[in-house]
Each structure stands twice: as structure tokens, then as C-alpha cells.
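The two complexes that follow have subunit A in common; it is paired with subunit B in the first and with subunit C in the second.
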Partner chain A sequence: MQSDVFLKLRRSAAVLLFAAATACALAVADPAAAQQSMAGSEKIWESLRGDVVGDRPILVDTGLIRIEAPKRAQDAALVPVDIYIDPARAAGIKAVTMVIDVNPAPVAATFQFGKDAGVTHLSTRVRVNDYSFLRVIAETESGELHMSQTFVKASGGCSAPAAKNSKEALAAMGQMKLRQFVPAADEVMTTSQELQLMIRHPNNSGLQRDPITQYFIPAHFVQNLKISQGDRLILAMEGGISISEDPNFRFDFAAHGTEDIRVEAADTDGKVFTDQWPFDPTGS
Partner chain B sequence: MGADPTRRGIVTGVGAMSGIALSGAFSRRVRAATKVEFALRVIADGVFAFQGVDELMHPENRGAICNLGVVVGPEAVAVIDSGGSLVEGQALVDAIAAVTARPVRYLINTHVHPDHIFGNAAFRPLGPTIVGHRNLPAALEARGDYYLRSYREQLGDELMQGIEIMPPTLLVEDMLELDLGGRTLRLKAWDAAHTDNDLTILDPASGTLFAGDLVFLGHLPTLDGSLLGWLRQMDALAGIEAVRVVPGHGPAPTGWPDALDPERRYFEVLAADVRKAIRDGAPLAKAVRTAGRSEAANWTLFDDYNERNATVAYAELEWE
Partner chain C sequence: MRSLALPFAAAVLACVGPAWAGGFEEPLSYRTDGYKAPVPDTLRGARVVDTNEAAALWREKGAVFIDVMPNTPKPVNLPAGTIWRDKVRLDIPGSLWLANVGYGAISEETADYFRQGLESATGSDKSLPILFYCMTNCWMSWNAAKRAIEWGYSAVIWYPLGADGWESANLPLAENRPYVAD
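Up next is the complex of A and B:
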């Protein structure tokens, strides 16, 4: 079921886990490196680039895809990110990869959209470990790569584990919530529907220890996510630990008929969470 | 122990935080050595408090931004929080020695945040039992190393020297009484609010409540636990039988329970604004720019913390 792109990126992610662990260690060892900012992030990206896209040329800021995030993160473990896709060219996009240069696993997520899904805007929330560029790279059907980037000042989003009410978080794992919106006419140019999917999951980084045993708690996160209307794919994601606790996705899409919205999510423990909701064209 | 706290106030137990001249590659600029007064004031019979400044932690203030407390019993002493640096912790140790020769039996950490616990190592030679919330060890384990790394940039290498994460050895499951030899402190472990490891300490003999960061005055409250949990427990907090409170930040002491009014109002405004934004479909990034803004004039450090509070509140309230 996995496409070539997914398989390739899965391999890349494994390589990158190691590469970036080194980068993080360097940043910690030298306080001055924490202020390296743009040049440092760029340098890390240059070393990752080959693993993510090979030696293929990247077109930058073509307008096909655009990423937005706050210049300074309020909560580094919860940084809102918006990805915008040119509606005229959305159908020609094969996959979108999000990269956060300085994170332990820089490939934050890869998204695929259904052929006629009409997704032109996707928001999610990510962890950002240090001053870093956030990048999105769209691969088109014709094999072009289009990139957009934005710089975020953040600190410790990955290494500061969530200790906010940890008990409650575990108890509710796998619970999902779907919100359906009809966007205001002045905010978007289409009349498409907007959905927000929320999943309760700790999305552990694997960087924290059990206080009793002192062993590292294995990384535990939502790895695959598929959102469909009936059998039509809207959006699929392969994700990692850079996606914030309680993964949250908000996106527009072109509805087809009135079939249910269905979600299937699988985490690294092999747990599968599914849910479905009646499609509500009036928003709710 | 005298009966008139105001008369004995400032003169008692003035220590000093010795200044540090920073030099070398890591300092952004050389600072002149300075003396920062560390005033441990009598606020009730046998009860002392240090009031921190309403600032972020930085080298000039030695990390001394939160309030600290001391209760002197007939046999022994309990200390509430140790400050934001070893320098501050040592100033507290010295100030205690200036007011009593009784041993420090307990060092109570009200929660995990660095401004309250970075001074712990200064107490090691005194050998007190460190007391904390049942969730404090896990929170320290999860965040301790990260705090030691990330605060180095903010406080500087010199001030970070000797700072250690020292976990509690006596845990408060729900309620715990600590005996200072005929003077008993009542500790309570709260459900997630400011953090998921908040403790309060009541000294019934004087009617003094040490609220840790469950109470903020002046300094904008910061949210690192649960907004709903904080609001839900507000009435139980207000029900504590005390006449004065030493808040985690802000004027120490302040009358109780009136001291709760400003933060309760802020949280209610913040929750109402965030709920409305969620109802209206405003995304997080947009909602946090306006939520709670009407409270801006009422607090210090508002711009440093409000959007972060709103971010945490939004992520919590959208599950309602």
C-alpha cells in the first residue's frame, strides 16, 4: 500500500534520526551554537538534503507551496504551522514533506492527498527544538520539487517532555474528535469544507527516562494516519516525534457526496485507532 | 519570637547575594561585581519571607525572582523553596543562620520550576529532608537535565555553577504534616493546576499559607499544568483557613483569600476568550494573539507569558 515516496522517506527518516542526534549534541555542547540561528540551521539542512531528496534540484518560493509559523514560538512543544498550496496546482502534488532542520528526527511528516481531495491549506502543531528553519517540500507528479521555508525561534520543544498532567494524557490515549467548519467567505476563495481532527496521544519523543527503572521510555507516536470520506482518501500522513502531543490537523477539502468522514491512525506500539463521523456540510 | 512583625521586619536577617564578575568567552558583556540585598523579613511570629523581583531570571537578579519562606518551630526549621541559583540559595542559608540556630529539618519544594529549586544544593551541608509532591520526582526526571542545559544560556555559566537537581525524598501523596517540635505544618498536594506537582504549606500557628505558584500577584500567572484544573480547585484553595499568604510571586505577605481574586479573574477572562475563539472556529495561531488581552494593564510580564498561556489554554479547552 505504501507508495515509493513513503518508502523512500521512511528510509530517510531512519538515517536522519542518527544525523540529527549528532547535531543536537553539538548544539548543547556549545552555548554559542544555540545562537547560530539561520546559518547553522541552513548548514544542517545542507547535510540532510541528500537524504531527503537526493541530488534533485529544488525550486524555492515558486508559490506552489508556502509555509507559515510564528517567528517566535510561544510554546516550543506546540508551534502552530500552516501549509498553503496553490489551489490551481493542488491536483498535481504527489506528496508534501515537512522538515524541521534541528530536530532529533528532522523529517517531521510526509503528507499525501487524495487525487480530487482539493486540500489547499493544512495546519498542524509541531515541536521545535532550537532556532530552526521549518521547510515544506512538495513533489509534483512530474517530479519537480518545490520548497518554502520559514524561520522559527524556539527552544527545547523535543527535549522538554510534556509533564503537563501526564496521567490524564495516558488515560485518554486514542480518543478522537472531529470538528467540521464551513469557512467564512472572506477567508478562503473556495467554498470547500474544513475539518479539524484531534487525536489524544502522548507522541513520546523517546528521549525521556522512566523515573523508577532509569531506562529510556521507547518512542511512542502516531506513525500513520489516514483520513477519508467514504473510500476516497483526503489526506494520509506518515509522521514522527516532531508532531506535538495530541496530534491536531486542520485542513480544507472538496467534499464528494455525503459519505462519512473516516479516520484510521496507527502508532509505533502497533495500536490502531479508528473512528468515523457523519459528514456535515453545514459545519458543526 | 516577637509579637510585632512590622517592628522587627527589615532589620532581621539581611543577607547578601555576592556579586559575580562575569568574564571570558561566554559572557556577552562584563558586569561589575555588585551586592544584591537579600532581605528575609519577619511576616508573622516565627515566619519569614523573601520577596523575589517580578522579572525573568537573569544574571543581574541572580535568578531571585520567586518568593521564599522560612518557618521556625521550637525545635527545627522548615524552608519553603530554595531560589533560582546556588548564590541565592546560599544567601537564604546565611539569612536563616542570622535569625535562628535551630537546624533546618525540612526543605520543601513547592513545584518543579527552576526559580524555586535551583538553590537546593546550598542546603546539602545542613542535611534537611527534601519534601515534594508525589509527581515531583517524575517531573524532575523528565525536565531536570533540560533545565540545567537551557537555563545556562539565560543565567550564564558562572551562576549555573554547582546547581544540581536534588529530588525529594519525602513525598506528599495528598496531605502530610511536618512537625517542627510542637509547631506543625500542613502540606497539601494538588491536582494539576500551575504544574502537575503543586504543593501548598499551611502554618496554622500563625495563619500563614505558602501557596507556591498556585497564587500569583502582580506577576502574570504562568500555565504549565491545567487551566481547568486550576479553576476547578480555586474554591478549595480559597477555603484554606489562613489570614495571609506568601504567593509564589508578588507581594509577600498578602491578605487571604483576597489574594486569589486577580488570578481568578485573569483565568476566567482567558478561558472565556479562548472558548469563544474555539467556538468561532478561530485557529490557535490567531486566537492566542487576542485572548486575555483585556487583562494586559493588570499584570507585569504580560507580554512575556500571556500568549504562551493562551496557547496552553487553547490546546486544553478545544477538547471540552
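Up next is the complex of A and C:
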């Protein structure tokens, strides 16, 4: 008899524990909250799109361009973003604009590609201030707009303190490093190469506070970037406050001949940084 | 029955985790980083209120409401033509929004802004009840309320649940702009 009561008690306890665990799971993953943020981001975008592209119609998810980013960012100041372009239609793209709805300066960057540059994949790292859609809008030569979007859960990216101290960052500012990757075995017969450009620059957003003085650090970032092979443009960027500290771009391109890879970067203080490297079709 | 209540309570506690305000001692000094984190139950020298008490004060106009949500002003040196959107802040109607006064350390300029804002809200009467808030699990309001106490305000109230706690009780919010000092 005694053991029966004990069993009953244990069963009720298990039910209670289960109920508590369920309540807990519901509280943690609140779908309504996420929905609201998506709707909020969408609402901001609606108020913004006129300033970004005017009232022209936008085609969504046509496959011409695609954006990928982690659903939940580990570091809101360094959110990796991948942009993929349909190789068959890459040549017809005039410009690609990347927008982060909730960032105070929502246009993160605008990219232009050389006519025959064949860029079909570009990845970089951005600051994300709050739960937001990240969007890319490709404008074609014929004036069409194609958009792809992805929702990222991150917050505080724009005001996150720099990873490096300012003295160290200023001393190395403008230094560049280029990595050239060997084309994969099955791609050896093609002319597609992959490059990664790293530029040392604090890329201050203007929203970061100096931990010593408690004042906001002025905005100071790479505003214009041009990457070419010889005189042929591969890609150009007009950047904003959302590109992460130490800007980093990895992209593929169709090599033409063996001329040097040249980079020119200008920041918002009017400083110009240049560098160049011998083109290495075997990777280095 | 006690044997049942214990595991249940333990499970609830374990799950609530970060949303559980308190259960730990308040620090002696200001919080200087990781502002979005669980806050203590108490603030020495202040009265801590829940949403019902805050709503009663609001209806009776029993306190001056000060929102201390941080805000980032537009950097002055952005390239011409940069599209800029100030974040829309919804807070408790009638609040004075004193932005950035809840950091653990503030510049002399921000301290002056905070002092002036408080004086304008209270008519320089330091015995007038003032209620500080920002968001749930945000140390900015704890810091700001502590600062006001140190400056001699004698009826400081802290509402730790902030604007989102207010909203989740179906109380109204209104769009606000940061106070601009004269």
C-alpha cells in the first residue's frame, strides 16, 4: 500500500516536471517574438526602399542572386555573409546593393563588377545591430531589380567595441594581404580563380564608444575599394559603417592573362591605400 | 506534497535562468559592461517596483518617469548622401528620455546632460519621486537610478522590467525622442 502511494507521488512529480519543462521550452523559443521582429524588419524596409531603389518593382528570389548568412550570429560585429550570383547571368549585373534593415545606416555596401570579371560568389563580414533581414538587390543592365533576403538574429554589432585597441589598429591601418587559392581539381581547366583580400582598418562605425573617454569614436571606414587585374576591374565597393573591422572579401573571378592583382582603397578620412601582387594561377 | 513542490520549483528555476531577476547580491559599484543581463532584485536607496506598481504611479502621476535607453546619435562625419534612420523608441507615455546616462562610466558632458535633464523634470526638487527604467534585463536603469541616488535624489524608484515589461502587461507605449539639453 505504501509503495503504491509512493509510485503515484513519483508519477505526479514526473508530470509536474514535464509540465515545467514544456513551459520552459515555450518560453525560450517564443515564435511570436521572432515573427514580430521579422515583421518589424520588413516594416523598416518598406519605409526605406524608396530611398534605396525608388519606386521601381523588385523581383524576389528569382535565382539571379542569393544571400546566405547564419540564422543566429555568434558575433554581431562579425557576421559572415555570402552572396551568390547565377554564373549564366553574372555579366548582365550592373550593381549589387547590400542592405541591413535595422542598421542606422542600412545600406551596408554597393558592389560593382567588371564586365568580364565573372564574379559569382562574394563573401564578407558585416555588423548587425538587431534582429534583421539582410538583403541583396542586384540591378541588371536592363534595369531590373532582383532581391534575395535572409533573416539574422544578432544584436549590438554596430556599437560593439573594436577587437583591437585603437593604437594597434591605427599603426597597421591600410596594410593588406591577398590570398590566392588553387582552383579545385575539377576546375583546373577553367579560368576561375579565388582571391581573399584582407585590409587592416578599424572601420569605425561612429557608434562605438571609447572605453576610456566615454565619447563616441568618430566614423572612420573604407569608403571606396577597387580590385583589378591590371587595368581590368574585378570588383569595386562603396562601403558604409556596417562593414566589419579589418574588412575581408573573398570572391571568385575569371582571370584574363597574367597581370598583377591591384587594390586601391580610400577611407572616409581621405587616406588612400594601394597594394599589388603578382597573379598566381596556381594559388599561393 | 513538499517532495513534489521541490523538484517542480527546481525545474522552473533551472528553466527561467536568465529571465529570473535577482537571486544574487547587487554589486557595490556600477555595471560597466554586458548591460543586457539579469539584474539584481534590489538597488540600495531605491524602491523597486513591479509593473502594477509602476502603472499605478503612472496613472496617479505619482512619479516622474525617466527612460534611460541608450541611443546612438548620427555620426557627424558620414559621407554625404548616407541613408540614415534613427531607431524608433517606444516608451511609457509622458516619459523623459535621457539617452546614454546609464552606462557604467559617463563623460562629463553626458553627466551634465543627465543633471540638466533631471533638474528640468523635477523642477530641481530632489525629493520628487523619479522612476527609472529601460528594458527587462538591462543594467542601464539600475546604473542611472544609482547615479541619481548618489547625486542626492531622495525618492528614487527603479522599475527593472522596463518598456517591454510594460508592453507585455498591455499598457500603452508611445514614440519618444531623446531629450535635448538647452
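Things worth noting here:
Going forward, the second predicted complex is superposed on the first by the 227 of 284 C-alpha atoms of A that agree within 3 Å, B and C clash if a C-alpha of one lies under 4 Å from a C-alpha of the other, contacts with A are read in each partner's own complex, and residues count from 1 in each chain.
Following the convention adopted for this analysis, a contact is a pair of C-beta atoms (placed from the backbone, for glycine too) under 8 Å apart; a residue touches a chain by one contact, two chains touch by 3 or more.
Note that the structure is predicted; figures quoted are calculated from it, not measured.
Contacts of A:Asp55 after superposition: neither subunit B nor subunit C is touched. In the superposed pair of complexes, A:Asp231 makes contact with neither subunit B nor subunit C. When the two complexes are overlaid on their common chain A, residue A:Pro80 makes contact with subunit B while staying clear of subunit C.
Residue contacts after overlaying the shared chain place A:Pro70 against subunit B, while subunit C stays out of touching range. Overlap of the subunit B and subunit C interfaces on subunit A comprises residues 28, 156, 159, 209.
Looking at the complex, you find that subunit B touches subunit A at residues 25-26, 112, 135, 137-139, 141-143, 145-146, 149-150, 152-153, 157, 192, 195-197, 224-226, 229, 281, 283-285, 288, 307-308, 310-312, 315, 318-319. Residue ranges on subunit A touching subunit B, taken from their complex, read 28, 31-32, 34, 70, 74-75, 78, 80, 82, 123, 125, 155-156, 159-161, 163-168, 177, 179, 181, 183, 194, 198, 200, 208-209, 211, 246, 248, 250, 283. Put simply, subunit A touches subunit C in their complex at residues 9, 12-13, 16-17, 20-21, 23-24, 27-28, 44, 47-48, 51-52, 102, 104-107, 156, 158-159, 205-207, 209, 213-216, 218-220, 223, 240-241, 268. Taken together, the subunit C residues at the contact with subunit A in this complex read 3-4, 7-8, 11-12, 14-16, 19, 36, 72-79, 82-87, 103, 105-107, 109-110.
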